[in-house]
Amino acid sequence: MTTFFQQIVDGLTTGVIYAAIALSLVLVYRTSRLVNFAQAEMATLGGFLAWQLSDWGVPFPLAIALAVAASFALGATMERTVVRPLHEAHNELALFVISLGILVVLINVEAWIWGYQVKAVPLVIDGPAVSIGSVLVSRQKLVIVAVAIVIAALLFVLFQRTRFGLAMRAAADNQPSARLLGLPVNATMTLSWGIAAAIGTLMAILVAPQQFLQPGMLLPVLLYAVAAATLGGIDSPVGAVIGGLIVGVVENLAGTYVPGIGQDFKSAVAFLIIMGVLLVRPQGLLGSKSVVRV
Amino acid sequence: MSLLTVDRLCAGYGALRVLHDVSFSIEEGNVTVVLGANGAGKSTLLRALSGMIPATGSIELDGYELLSGRRRRPIALLGIGHVPEGRGTFGGLTVEENLRAGGYHRPRGEVERSITEWFELFPRLAERRDRLAAGLSGGEQQMLAIARALMARPRLLLLDEPSLGLAPKMTGTLFDNLRAIRERMDMTVLLVEQNAHLSLQIADDALLMTAGQVGPRRPAIALREDEQIRRAYLGA
Amino acid sequence: MSAIMRRLRQPRPRLPIPRWVNLVVGIAAFAYLLYAPLVSPSYSNTQMAMVCVYAVAGLGLHLLTGMTGLISLGHGFFFAVGAYTAAILSGTQGWPVPVSFVVAAALGWLLGFLFGLPALRLSPLALSQVTLALALITPSLIKRLDFMTNGSAGLSVDVGDPPAWSGLDKDQWILYICLLIALVAYLVTLALSRGRTGRAMKGLRDNLPVATTLGVRATTTKSFVFATSAAFAAVGGVLYTLVIQYVGADAFGLTFAIALITVIVVGGLGSVPGVILGAVFVVFVPSWASEVSPSASGLIYGVALVVFMFVLPGGVIGVLRAIGHPVVSRFHARRSTAQPPVPQEQEAGRR
């Protein structure tokens, strides 16, 4: 029974990471109608930036802050330069191909600069694992969970309690109408990309000690994040969080208890979730129906 | 005095040109109805006026040229409200949030006051203020779309077929509401409507549109009596 | 958008090259390809053979993406199916290579069809999500089936030895096989895209409702296209095993799937000859670039995808058309007074 609870808790702590990347995917999808397959790699790039800065002697907290800020700028710039013209031209195919192109560019730029040797990113917090009842959780994982909760809370406040957040939701809901009302649609799109990239980077830095920082570090996570976003509803931020947690737990339990899956083939679970959800309930748990229409 | 003067306006979609040298003007404070067959270009005209599609020619709002200048300001800030065909409410936002989005550019206090005001006028919306707009009936959504546009206190309201898809009774209520709004606010309205019978009753002026061109402006009352118009639009 | 960008992005019509010119050039190229393997060094034969590998798989993807507008990252999977079919049947079991081709094509078609049954009910966006997942799990799937595939270690094989009567070296023999299959694939693709099916597919891509009312049964056509394109990919996989003589799980992941997309994008989406140019690109350009840095070759894929999609959506073919247009039209002008009609993209009135 202890293993079971341990599996659940492990699943939840991993699920938090999936949720964060899924949240990035959702934020971007809502503004640009693109599932940005480069999202996870943008986060990894941010992880490299933080490592590089701290390697140069910048204090780690400052390095994190700078890397997050740089990622924000990178995400925002991508939206302004490449994404928006294609989004306005409704060229989904081109957007999709370009997101793949950016993914490949980022992986290879990272490899060129930093190589494939794993970089040692420090833990933000050290010390023995904390035991909750019979379940053990590492301190770093607790930090990750705490950070994720703070991110979720801040996004909630932004979306639900601020005027600009209202504009962001309105623009995601119906762009032509939002423009007619004079809402700052372009600014909401740029900001969404920036926030998405910043969240990803923050998570990448926090998981780097355990995931091993190297080019393509988060590609496996991307698979689960896509599954999480699909399950929660590709345009629903709350859905992304719930989906991430569910995927984390299911994946962990399946890896342990379902014969024939095993630890190495857990990724099949993600594939099955994506396929199953899209077939049975394309809008996911909390997504809006209209989005699914072709 | 005319509030809006349109001169040799051309617009369309990509290579398809829909409006051909459209020129007309509308009087401040009046309701002007645009009548025309399906596909005549009525919606396109409104879209061109509110900058949803590119256009050439001249659109002057109270002496201010909308088509010149490199960067256009949002039309909401220029005093034009547009309720598009098919309503365009924010389905994932609550009724109240829809209204708040409409008042985005106005000070918070005024927004609160306006919301109370519109809820008084549309009690059906007040009852549903915390529901998602997607869950409203067609007529309620239409009311919401109009109220949302009015939240910005436009000087010119463009209304595209508000009665589309509404039951006759609902249409009646809608036009009663429009009348009430008219009395309350000093506003100019450009109304596109299939229901010529009702719209000619609240309109002051009328424009006839055929194949991307707009005819001369005529008093609505004259059209109500015009034998040809009655046959073409009023089905009498 | 600046005027330059607009010019670059402008779609280019097919050049009005007379049929006999095409035919002469085609036959000349073919004759050269028959001759070249005999006198080329073995590494260059291998590179040419790789071009054929990418061309065959790329033609399959072209059928799907270029013509229906659907996109698949999953073709690396079908490619792997073909590659392992050849490695296991002809390598481990020692069956003749033609058997591998037939089995791989059939298996690819069947798996493509089965995958398409649910997947093609999805929106294009959802299809891209599902196929991304397929690409990401393909290596783990191969490793999971290690009793057949030998897991990460992979299978080294010795297949496709030239028959004694031919007097050819192995690399020459294999290149001839690749050329033959590529030629067949090319002709089949041309036939499919010009015939009834092609029109149906274009209809699907451009305007589903119209195509549906014209009596094109959307799902049937899509399933057929998807299965056929998967079969192409599988045949490409067989060629891959012949050329490389080794299959390993990690070769068939996301990077490979993206390389296939690069093949059809660089040449020019929707253009059959463009696929060949794309295949040449993904084989030769990265191998030159890797002299600079091992990452440079991957970087070029990525940059090519972005640049070609964003700036030059017509691909290399589009560029060639733009360059060739003045030449060809002058040629026509001299021969007859009638200018070929060139559809011009009309500029809408802009604010």
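Per-chain residue numbering starts at 1, and chain names A, B and C are given in the order in which the chains are listed.
As a working rule, contacts are C-beta pairs under 8 Å (C-beta built on N, C-alpha and C of every residue); 3 or more make two chains touch, one makes a residue touch a chain.
Just so it is clear, the model here is predicted, and its values are computed rather than measured.
Participant: Using mean Cα positions, find the chain sitting nearest the overall protein centre.
Facilitator: A
Participant: Would you mind checking which chain's C-alpha centre is most distant from the centre of subunit A?
Facilitator: B
Participant: Mind checking the centre-to-centre distance between subunit A and subunit C? Centres are C-alpha means, answer in whole Å.
Facilitator: Computed from C-alpha means, the inter-chain centre distance equals 32 Å.
Participant: How many angstrom between the C-alpha centroids of subunit C and subunit B?
Facilitator: Comparing mean C-alpha positions, subunit C is 52 Å from subunit B.
Participant: Centre to centre, by mean C-alpha position, how many angstrom separate subunit A and subunit B?
Facilitator: Using C-alpha averages as centres, the distance is 42 Å.
Participant: In the complex of these two chains, what residues of subunit B are touching subunit A?
Facilitator: Of all residues in subunit B, those touching subunit A are 50, 52, 74-77, 81-82, 84, 88-93, 97, 100-102, 104-105, 134, 148-149, 152.
Participant: Provide the residue numbers of subunit A that touch subunit B in the complex, in ascending order.
Facilitator: Listed in rising order, the residues of subunit A that touch subunit B are 163, 166-167, 169-170, 172-174, 176-183, 288, 290.
Participant: Hey, which residues of subunit C end up touching subunit A in the complex?
Facilitator: Checking each residue of subunit C against subunit A gives 1, 65, 69, 71, 73, 118-119, 121-126, 128-130, 132-134, 136-137, 140-141, 143-144, 208, 254-255, 258, 261, 265, 269, 293-296, 298-299, 301-306, 309-310, 313.
Participant: For the complex, which residues does subunit A have touching subunit C?
Facilitator: Interface residues on the subunit A side: 33, 35, 37, 82, 85-86, 92-94, 96-98, 100-109, 111-112, 219-220, 222-223, 226-227, 230, 262, 264-265, 267-268, 270-271, 274-275, 278-279, 282, 292-294.
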